[in-house]
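Consider the two complexes below, in which subunit A is the common component and subunit B and subunit C are the respective partners.
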Partner chain A sequence: MTRGTYLEPASLDEALRLLAEHDGAALVAGGTDLVVGTRQGKRTLPETLVAIHRLPGLDGIAEEDGALAIGALATHDAIERSELVRGRWTALADASAIVGSPATRHVATLGGNLANASPAMETGAPLVVFGAEVELRGQGGSRTVPVEGLWAGPGRTTAAAGEMITGVRVPAPADGSGSAYVRLEYRRAMEIAVVGAAALVTIGAGAVSDARVALTAVAPTIVRSPAAEGALRGREPTAEAIAAAAAAVHDAATPISDVRGSDAYRRAMIEVMARRAIDVAARRAAGEAVPIPATMTVGGTR
Partner chain B sequence: MATAAQTKFIRPDGKDKVTGLGRYTADLTMTGMLHACFRYADHAHARIRSIDTAKARALPGVFYVMTDKDVPDVRYGPFVEDRTLFARDVVRYEGEVVAAVAATTPEIAREAAALIDVDYEPLPVVSDVEAALADGAPLVHEGWSGYSASGDVVREGNDASRSTIVKGDVDAALASADAVVKERYVADMSHAVPIEPHAAIAQWQGDRVTVWSSTQVPYIARSGVATTLEIPEGHVRIIVPHLGGGFGGKCEFHYEAHVAALARATDRPVRLVFSRSEEFFAPDHRREGQVIELETGVMNDGTLVARRGRLILDNGAYSADAPFFPQLAAMHAVGPYRIPNVSVDASLAYTNTTPSGSVRAPTAPQACWAVEQHMDSVAASIGMDPVELRRRNILKEGDTTATNQVLEPIGAAETLERAVELIGYGKALPEDEAIGVGCGWWPSFGGPSGAFVKLNGDGSGTIITGAQECGTGAVMALPILVAEELGMRPEDFSILAQDTDAGGWDAGASGSQTTFNNGRAVIEAAREVRAQLLELAEEELEASREDIELVEGAARVKGSPTKSVPITTLADKAQGDRLLLGKGSGSPPPSPDVDASGCTGRLGMETFAAPTFITHAVRVRVDRETGVCRVLEVAASHDCGVILNPVGAEGQVEGGVVMGIGMATLEGSIVGEDGRQRNPHLLDYKLQTSADAPPISIAFVDAPSPYGGPKGSKGTGEPPCVPTPGAIGNAIAQVTGARVHQLPMTPERVWAAAHGVDA
Partner chain C sequence: MSHACTLQVNGISYPLELDAGRTLLTVLRGELGLTGAKEGCDDSECGACMVLVDGRPVNSCSYLALQADGREITTVEGLAKGGELHPLQAAFLDEGGVQCGFCTPGMLISAEALLRRNPNPSEDEVRLALGGNLCRCTGYQKIARAVLAAAPGANA
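Showing the complex of A and B:
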């Protein structure tokens, strides 16, 4: 028989204490992964839920010492609308803007997206290209991990029992940078990335001085493509150079076949998405105002 | 035309539905109510060695665990009696009900269902229609020949129903044609996906049971309960609260008897509510997969001379109402064209998958998708514009169909012209866009239907009808027709519907027939009331009834408007000793003559009574690199006779178009070799969202049918589903240069076709 305990702490400290006290307790923020997953039978509901969606002070989006500081409870809607994010961390706005539907985005949080650790998550690839760090806090104190170090595999994180994500710190890209996130979707809302790619391109003196490329839904976690990044560095961002870089993403992409697409299709598509993401990032670096979300401009459902 | 034609009637139940106040079956709660849960087959095909329910029964909160042994030994089915309420000896698809639990909470019921031990001996799974009909294929029903069946069904082994349409000499005509095009198309299984899942609640009082059910067909559900539980039909009452859509998925008798049997066994009301995934795999009403082979001969001037077709439809594990599908699909394999030589052979193959049944325009969108793409291929073979090819062959008044039905005045050609005009066929487009066109047809279904109309003492009226409102607004719009007969306003009438103890028999919300048949019934009932009112008015006005008219809520002497009496006064006078009550069923319109001597497996579809004709033109953008396509604009032109309620008719077209876009691009079940659906949920069975819906422009062509419903109307609910996928397929092929031969035309399939990859 299912009979659960639902706890609503008033402060972060209380939340951490409850989490530590109750064996097997889980956090619930927007509930859009947890509740839906339970309904679908993907998992059983944890016996104790610690609800954090009303905790004060964890939904901020602000600039701190030149970096972007986002609280774990910031919703995708708030991220998408933030002028700060749209202006300098554009790929993240591209990602949050296409999560689910307007209703999903109003309740779903950044912390939940990261902790759910789906290889198809939207915000992962942008945060990877920006070199974001995740703040984890437990009763014993807090620590910081690079975002790539958060994921242990599909649905698994390296957070210890009793630890929660409190926020994310995203360094500012260098001057002359542009970024973009593009996913392959089959319809215009309520989608899940079939594959996706984020790119951060920095241009100095007509050539790419730095590039980062990260891939969604082609490996057990979000992965970077060093080969694609290497292919871009030092080159002029021409169509040929971008296509060559995109063709190099196969070093990191090891897609599977499932009902959403075959591995062969995903392999072909990750190259297309990477090319489009790099292209938009380069155009944005050059000052072009490509609308957010980029998927609605350069994706198939535009 | 009549004033009804001008009426823009906004349905009165809309506000409740959009504000969440509407009460659906799953919202109802009875005192002491238990919750039901099914245990389904663990295999798509297996012999049951034993069922042990002891652990489930021992779980606290469980009141009953029911299996085949607890219900009468009855086989049932509308055409072929091939099924039982609970699995008996053999399970034949994943959604077959092996046992049912009634418990105090849904969670306990689920837990108990999982605790039932079933020991199986797995049997070979037949999941492919062509394999099913191959020599030596394992039989899905070993005992098929012993099942009683309607005498008109031609069946043999795994072929549950075979039909042919033969006219002229196809071989000779193909041999003499200037060009012959042969193609093969495959359509996957898809679903109705109403927003409300199946739900039923049963409660007994003595030996009578009331079932609240989310059914589209309450009278058929009533018969089903009576037949399978062996109780008199008069002891069964079916009530349908608000119905949250059906699209055919809630046609036929489904789970009302299971719930009634559990309620009787426990002496408690019992409620069953389906989850979304059950909705996909369990009910016997999904849209069937098809394999369609077409061969067409054409002359260089575009004259079609011959069509050969071989179709295999997927029946699934049991025969719901699908046995008439082969004949219907065969008619669609010919399409709305003049073809003098025809030979189509269509079969319905049993497989170990979810049974098929009528879903909005059964067989047509799939068959039409193949035929309309094929028409474009035929046009290409002689270098002719595809619209021009259609223009030269589309059916016109006086033409004969493949079953030699001589056509009444019809507007098929006009729908083609209007649709291409609305979309601007031939206009310059960006290189990744194209316009595709598809034509289709669909019959109307005349039949008996019952209604009463009464006027109350205060002059208000009540329509008591057997018709079922499934969301189309058809029942909601009946007051337009009644009000017009009585010189009253539609809002003067309330409706009592969806209660088998109240209304007269009706076939239910199926076959686009509610307005067609029940509209006729309410008009006839209203005419009886009209006669009663005129009789009363004769006394009041001292005039003879020929001189009295009913207008603006009053009976008045024609030509002298001051001599009048309000209907409220007449109704008040009648109260007590004279009932203002009319009844109607109205004879169904006559059926047009056909000569179907060349056909076998005749189940009524050789006649397309009061046929509707449809042309849809779509503008599509295809992302060549990914195969993702987006429908940017749709022009829909329909000849569905006289339009009685433009708001309702336009709503049907818009909904049907969007449903067709879904079927064309994304909606399909992926079935594993184990016979199980792999995407029975809305994340991976992708419907269109409101963000995807394109602008739709609509043009109705008024072609009143002598065989039609009220005022020359024809069915409007199903036709809008028919030609959209074919039109989209044609647009995709124009952009990519490669035809997609499998439905749905998913991005991966479009990409694979365009890049010459096997998908």
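Showing the complex of A and C:
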């Protein structure tokens, strides 16, 4: 445990200045990854902490020019409860609703989930299927990266030293779309995905006009499955078509074995999760109100 | 390097000098002598350290004390008022929701957070709200029953 320095800036500009001035300084918002990682001995607490949990104006959840704009400090509890998110960006509500426990969700933020860059993170796959963009800001200005371009590997991002995630912009799905995120879990709370899948399905004239499928915890970062997406396009979303698409996810799934599951088990289960995610997304696209979080509705632990 | 802060706990103001890495749990138990919140897993898995910060449940083992500066903290010691048990505490006793007692403070705090937001929860909602709290004795049935019995809307 460090005896280090704790800094609590009053503004975003001050936060960026402190980050630039203190080499190796780390941002802390909810602390649910940073502090727990310290307790587990994964790493020591950084010498300098820049606490941003009270920075004003970074926790918004609003519609801007037809897209969803979420501040980096929006909590999973706020995202899960947002009628805006639940209505049009349902897969993200599915994901935020199952992050940690109620206690985690009250303090843990979307920005923190993205920055922690775990391949097992819940909000990543939904943001990938929606084509979200992440805003990074440093003292020199801001830039935007596609969310898939944010992650460099497990626990690593492409953010430069001195940059912080300030928000996420999520384009609106086309009319006739539905989305879902489901995961395999061993426990209802304080769990991360053993494997997980998000799907965005757009249906027009009875057939799938567009589909996106992203996979959680089967590669060093969240990955899309072009084969599964291709298998859906132009097909009627029947059980057979959905099963065939789910069976195609192995193009992108290259899981490892670890304490949470073997590679073989993950390969077997990712297909099941993909099938469930695509099925719920298609049902939602057809107007069915499948309850959030979808993981509990279609076979999670109780 | 220590940092000045003020923790408001159960309505009392405590001026403190704390190192950056101190967790809220160690300060509550160490400096303030409030040993109701427990260190179980020290890893956010078990919920025995649960406290309310501005009315919301937080795992105090995984929360930096300095981040709680100036915020309203409620520990299990703050539930009973004027020598009277809080309705949740009374219900836990009535329903047999306490065995060894180690998880009880965290269970009570998570339940209190739920009932403040939702005075008439379903059993499913109770179980979800307590999802981050582990109990190794009771099997949870009696705890869930106690929370339902204590819900202000239960008899409405």
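Please note the rule applied: the second predicted complex is superposed on the first by the 299 of 302 C-alpha atoms of A that agree within 3 Å, B and C clash if a C-alpha of one lies under 4 Å from a C-alpha of the other, contacts with A are read in each partner's own complex, and residues count from 1 in each chain.
Assume a residue touches a chain if its C-beta (ideal position, glycine included) is under 8 Å from a C-beta of that chain, and two chains touch if they have at least 3 such contacts.
Note that the structure is a prediction, hence the values are computed from the model and not measured.
Visitor: In the superposed arrangement, does A:M190 touch subunit B (first), subunit C (second), both or neither?
Guide: both
Visitor: So in the superposed three-chain picture, is A:H250 touching just subunit B, just subunit C, both, or none of them (first/second/both/neither)?
Guide: A:H250 contacts neither subunit B nor subunit C.
Visitor: Could you say whether A:R86 touches subunit B, subunit C, both of them, or neither, answering first, second, both or neither?
Guide: neither
Visitor: Applying the touch criterion given at the start, work out whether A:H22 contacts subunit B, subunit C, both or neither, answering first, second, both or neither.
Guide: A:H22 sits against neither subunit B nor subunit C.
Visitor: Which holds for A:S101: it touches subunit B only (first), subunit C only (second), both, or neither?
Guide: A:S101 contacts both subunit B and subunit C.
Visitor: Given the touch rule stated above, what does A:M269 touch, subunit B (first), subunit C (second), both, or neither?
Guide: first
Visitor: Of the two partner chains, subunit B (first) and subunit C (second), which one does A:R233 touch, if any: first, second, both, or neither?
Guide: After superposing on A, A:R233 lies clear of both subunit B and subunit C.
Visitor: With both complexes superposed on chain A, which partner does A:G261 reach: first (subunit B), second (subunit C), both or neither?
Guide: Only subunit B; A:G261 stays clear of subunit C.
Visitor: Taking the contacts subunit A makes with subunit B in one complex and with subunit C in the other, which residues are shared?
Guide: Looking at subunit A, the two contact sets intersect at 1-2, 39-40, 101, 188-190, 302.
Visitor: If we count contacts the way the header does, which residues on subunit C are in touch with subunit A in the complex?
Guide: Per the stated touch rule, the residues are 1, 3, 19-21, 23, 42-45, 47, 50, 53, 56-59, 61-64, 66-67, 69, 110, 113-114, 127-129, 131-133.
Visitor: Quick one: which bits of subunit A touch subunit C in the complex? Just the residue numbers, please.
Guide: So the residues of subunit A in touch with subunit C come to 1-6, 8, 28, 31-32, 35-36, 38-40, 45, 49, 51, 53, 77, 100-104, 106-107, 188-190, 302.
Visitor: Under the definition above, what is the set of subunit A residues touching subunit B in their complex?
Guide: Touch list, subunit A to subunit B: 1-2, 39-41, 101, 184-190, 192, 259-262, 264-265, 268-269, 272, 299-302.
Visitor: If we count contacts the way the header does, which residues on subunit B are in touch with subunit A in the complex?
Guide: 61, 105, 107-108, 111, 275, 277, 621, 623, 625-630, 665-666, 670, 678-679, 681, 683-684, 686, 688-692, 746-748, 751-752, 755, 757, 759
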